[in-house]
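The next block holds one structure in the form of structure tokens; read it before the comments.
The letters A, B, C and D name the chains in turn, as written, and every chain counts its residues from 1.
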Amino acid sequence: MRPIATTRMAAGIPTGRLAIWWVVASEIVIFGGLLVSYIMHRLAKPEWGDHAANTNVWIGGFNTFVLLTSSLSAVLAHKAAVNGDGPKAAKLLYATCFGACTFVVVKALEWNMEISHGFTISSNTFWSFYYTAAGLHGLHVIAGAIIMLIIAETAKKNLELHRVELIGIYWHFVDIVWIFLFPLLYIAK
Amino acid sequence: MSEHAEHAEHEVNYVKIWAILLVLLVISILGPFVGIKVVTLITAFGIAIVKAYLVAKNFMHLNIEPRYAVYLLVTMLVFMLLLFSGSAPDIMKQEGRNWVKPEIHVEAQAPAHH
Amino acid sequence: MAESIPADAMHAHDDHHHTEQSIWSKYVFSTDHKMIAMQYMFTGMAMALIGGFMAYAFRMQLAFPGIDVPGYGTVTASDYNALVTNHGTIMIFWVAMPVLIAAFGNYLIPLMVGCDDMVFPRLNRLSYQIFLLSAIVLIASFFVPGGGFGGAWTAYPPLSAKSQYSLTALGSSFWLVAVALEFTAFLLGGINFVTTAMNARAPGMKIFDIPIVVWMIVVASILFMSSVGPLIAGAVMLFMDQNVGTAFFDPDKGGDPILWQHLFWFFGHPEVYVVLLPAMGITAEIMCVFARKKMFAYKTFLYTTFATGILSFTVWAHHQFVAGIDPRMANIFTVTTLLISIPIAEMCFIYIATLYGGSIRLTTPMLWALAFVAEFLIGGVTGIFLGASGADIYFHDTYFVLAHFHYTFFPIAIIGTFAGFTYWFPKMFGKMMNDTLGKIHFWGTIIPFNFIFIPLFVLGAAGQHRRIYNYEHFPELAGVEMQDMRVLATVSMLVMLVFQLVFFYNCFISWKKKQKDAGKNPWKANTLEWTTDSPPPHGNWPELPTVYRGPYEYSVPGREEDYFPQNVPD
Amino acid sequence: MIDQYVVALSTYANDIDNLILLIGVLVGFWLILCELVFFYFIIRFRAKDGRRAEYITGEEKSHKRWISYPHMLVLVCDVFIVFFAIKVWYDVKQQLPEPYETVRIVGQQWAWSFVHPGADHELGTADDIKTVDELHIEVGKVYHFKLESRDVLHSFSVPVFRLKQDAVPGRVITGWFEANGTGTHDIQCAEICGIGHALMPAQIFIESPERHAAWVAEQSPVTLASANQP
């Protein structure tokens, strides 16, 4: 039995979505703290541009493309869910998960390449930030993909369709974080 | 449900937004090839902000959410700006009033080649 | 087949069919907000006993250097550092936060806004389980090779980052992981509190009909969620520094130790208000009930709360005046710090104004609430010395700081908790507490409390620094009259600890039916939690209430009774 | 107020003491006023049979005055405190008077080492005098110090000077002091720095010009000391 509390909507936003906004808000400050630390170091140290030159823009760009596309499938899944088409929403969520997996695999290959070139997490503070920020973001990608699979399972049966939108909002947030990580880590040289 | 009706009214063409995002992505990758620093900064960060705005507005549907959701997220960004402006005078500078960070020579482990 | 189903699955099963609950699903894996509140409450109290025991051990060492402390043994220098570090960490993160925010928040928010549970019951249970895990990790940190972390609760690197400096390689990491887990638990809890209070209010409960304590817990949760991020990021960075070989805070390799201080105090200062606000809410609630008064200027009180919350994000570097930050920044932070005294002063004025014209009954909860105001005032005004940059040069890291924040945190975490606990005890357990024993416990706590910390103000003014386990090496501090002060503080603390036994005895006998049944509304209060049975059943009300007015309509003219419950139609 | 416990031996010690006294008077006034009114209300408005509490919302302007005027007064007090706090802070931490000599102070686990400039008043020359846990200075002269740390955070605290400054690894922080009385006093570490934090005492020897010159001569390497003789 679901508590009556969950059905109320005094603030004008359904409870699940309201909570997701708070999740996003607290995630903003987590990534914010890390990125503010990075930006302060980056602005102080022009030589980090040379370190950043060793990152591969094309791989980063490809990953941005993957995430943007998976965002599109997430929002299309939401649209399908709004129209009450659970199986279609589930299929689009699987597509989003596929995007997440591609992202992670490409990331792993990229790191593997960089580490084999001698750029490890303890090389210097730029690389520390590089691996920490991308790693923290990568954990969010993996967590989002797992939750998405669970939601897709229920959505397939046309149950709990509102959750499709919730994971979508979270996913778009992860996307936005990457949109900023990409220029910060790859382009600014 | 009224919520669904609302979405229908604000129906946006998601594929079109996605296409715009991809064009912006290409511009931000190509920006550094111009070789001018200002252009790079604009194509990198200006476009990142535009992209984030497009995603937040159209994919996260912040445009049809009650205003306070936007205010909430913007407040968090303002707090981060506060954190930056409060700590930048210490972290970002090599010297300040009555203190200095002596030069430290940190070498990256020499990369083999690239 | 049935016996192989884990307790968790059983519980989900029970939820659907309302069958008799097993002891596991009722007490351990419950999703009922009241049970989770009790779990937080008793875990917090257990941690308070551990934290109190630590205080006992290191205060004995300070008063009688080198003795064999009964029940502990000799306190070595590394023991001493680990004890003060973990005393601070436990009392803030594992006592004040779980009890004031999580326990009272979980218990009161659904009852006070008139709904049957939190909006995310299973998230709530997960939050407690992570919290419990964090407590276990913290306690485990004492038993790993090298012993507990001893770098102060602020964990400034490089001491906390490098094991060759701290000599507690595992202890530091365990401590950090415990703190990070605790933050995760409270992020989950905070989302739940805020969402519940925003969305699940009873029909008719408008935004200014919400009881102050609910407002305060919500604002505190919001402050927590919006300030803790940088510290979580910092904790990740520090953990990598400890274990992976990065150098975020290591100046030898291009990092900066001051960065951690900024990340820490950007959270650390709002954290003070995170625990202060719920205690202020509890106090306001109790004072209105026992003065039979409407809250003076309810809206102004709320606006000052918001002002405090926002200002609290602009003051953090006053903890770092002499820590090597740029001296020009100190001027800005002095101004913002002193500005924050204005909303806090206004809140205290509102408390005092609320008493005016009242009909005050000095029951045990009311005594605690009044003591909160009286003692917190002292803690508040002594903060001005430390916020004024010029004076802080001398007072920084002395016992004056320590006495100052104990005069704020003790009223918050101990007095506020006892006030809330004694006030809502009839609701939680359905029995009245013994008032005489309650008053003995009250005076036995308050009087020694002042005798612990007033001597420490004097020691601080005399320049005694914190976290030094033995003063014999500092001739100017090892004088006889200084030592007398330390002995006085220690003896007072022993007296206070002994009087806590009265409290546990009182709880025990009151709970064991020796006291009379409380009934639904023993204090004749207005708020919604008093309109249901004591203790409230699962689901809180047979039929959820509707709200018609604000929470503090006491002594309304032209009404026979002097209270006017929120759910009674006009 | 403070010099009752710790003597004031630097030129700015009295400024800091006076600032503390000023704050003490202002906040003491508010504390006592609030507590008096508070306890008066508790006694005056105790519950009595037949008397009902008044119904005051506090929302009318005439009522709100009772809290808004006091908080304006608090603001005025704050302005005073801010003004004098920043003034003292500026003198002690922000501006640096011309130095007579500069000393180097290095904190490490768990000792302070001091580098005195020696007879030529210049740091970094061959006649520098290095000491551990002993700082020798001359009374009535402006000293700069360059504060460093080798490992973790330390804090250079001289209670008789009312001076405190953290030593941060990776930074050199400059400060100043000028003693105005002789004596031997404690230097403490005020920032937790590991197991030996309590075992990090040093002493400051504030000496008259003659004694200080004698100390410098005694400590200086023999050749240099004789070279400096006219």
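Some notes on this structure:
Heads up, the rule we're going with is that a contact is a pair of C-beta atoms (placed from the backbone, for glycine too) under 8 Å apart; a residue touches a chain by one contact, two chains touch by 3 or more.
The shown structure was predicted, so the numbers you read here are calculated from the model rather than taken from an experiment.
Two chains share more touching C-beta pairs than any other pair, namely C-D. Once the centre of each chain is set as its mean CA position, chain B and chain C turn out to be 36 Å apart.
Averaged Cα coordinates give chain A a centre that lies 49 Å from the centre of chain D. Centre-to-centre separation of chain B and chain D, using mean CA positions: 43 Å. Rounded to whole angstrom, the centroid-to-centroid distance between chain C and chain D, based on C-alpha atoms, equals 31 Å. Across the assembly, chain C contributes 226-227, 230, 251-256, 258-259, 263, 266, 324, 327-328 as residues in contact with two or more other chains.
Contact of a single residue of chain B with at least two other chains is seen at positions 75-76, 79, 83, 87, 91, 93, 97-99, 101, 104, 106. Multi-chain contact residues, meaning those touching two or more other chains, occur in chain D at positions 93-94, 170-171, 173.
Contacting chain pairs in the structure are A-B, A-C, B-C, B-D, C-D.
Every residue of chain B that touches chain D in the complex is listed here, in rising order: 97-102, 104.
Listing the residues of chain C that touch chain A in their complex gives 15-16, 18, 110, 115-121, 187, 190-192, 194-196, 198-201, 205, 225-234, 236-237, 240, 244-248, 253-256, 259, 263, 266, 539, 544.
Taken together, the chain D residues at the contact with chain C in this complex read 1-2, 5-6, 15-16, 19-20, 23-24, 26-28, 30-31, 34-35, 37-39, 41-42, 45-48, 51-59, 63-64, 66-67, 70-71, 74-75, 78, 81-82, 84-90, 92-94, 109, 151-153, 155, 157, 159, 162-171, 173, 185-186, 188-199, 201.
On the chain C side of its complex with chain B, the touching residues are 226-227, 230, 251-254, 256, 258-259, 262-263, 266, 313-314, 316-317, 324-329, 333. Looking at the complex, you find that chain A touches chain B at residues 11-14, 17, 21-22, 24-25, 28-29, 32-33, 35-37, 39-41, 43-44, 51, 54, 57-58, 61, 64-65, 68-69, 71-72, 74-76, 79, 82, 117-120, 123-127, 168-169, 172-173, 175-176, 179-180, 182-183, 187-189.
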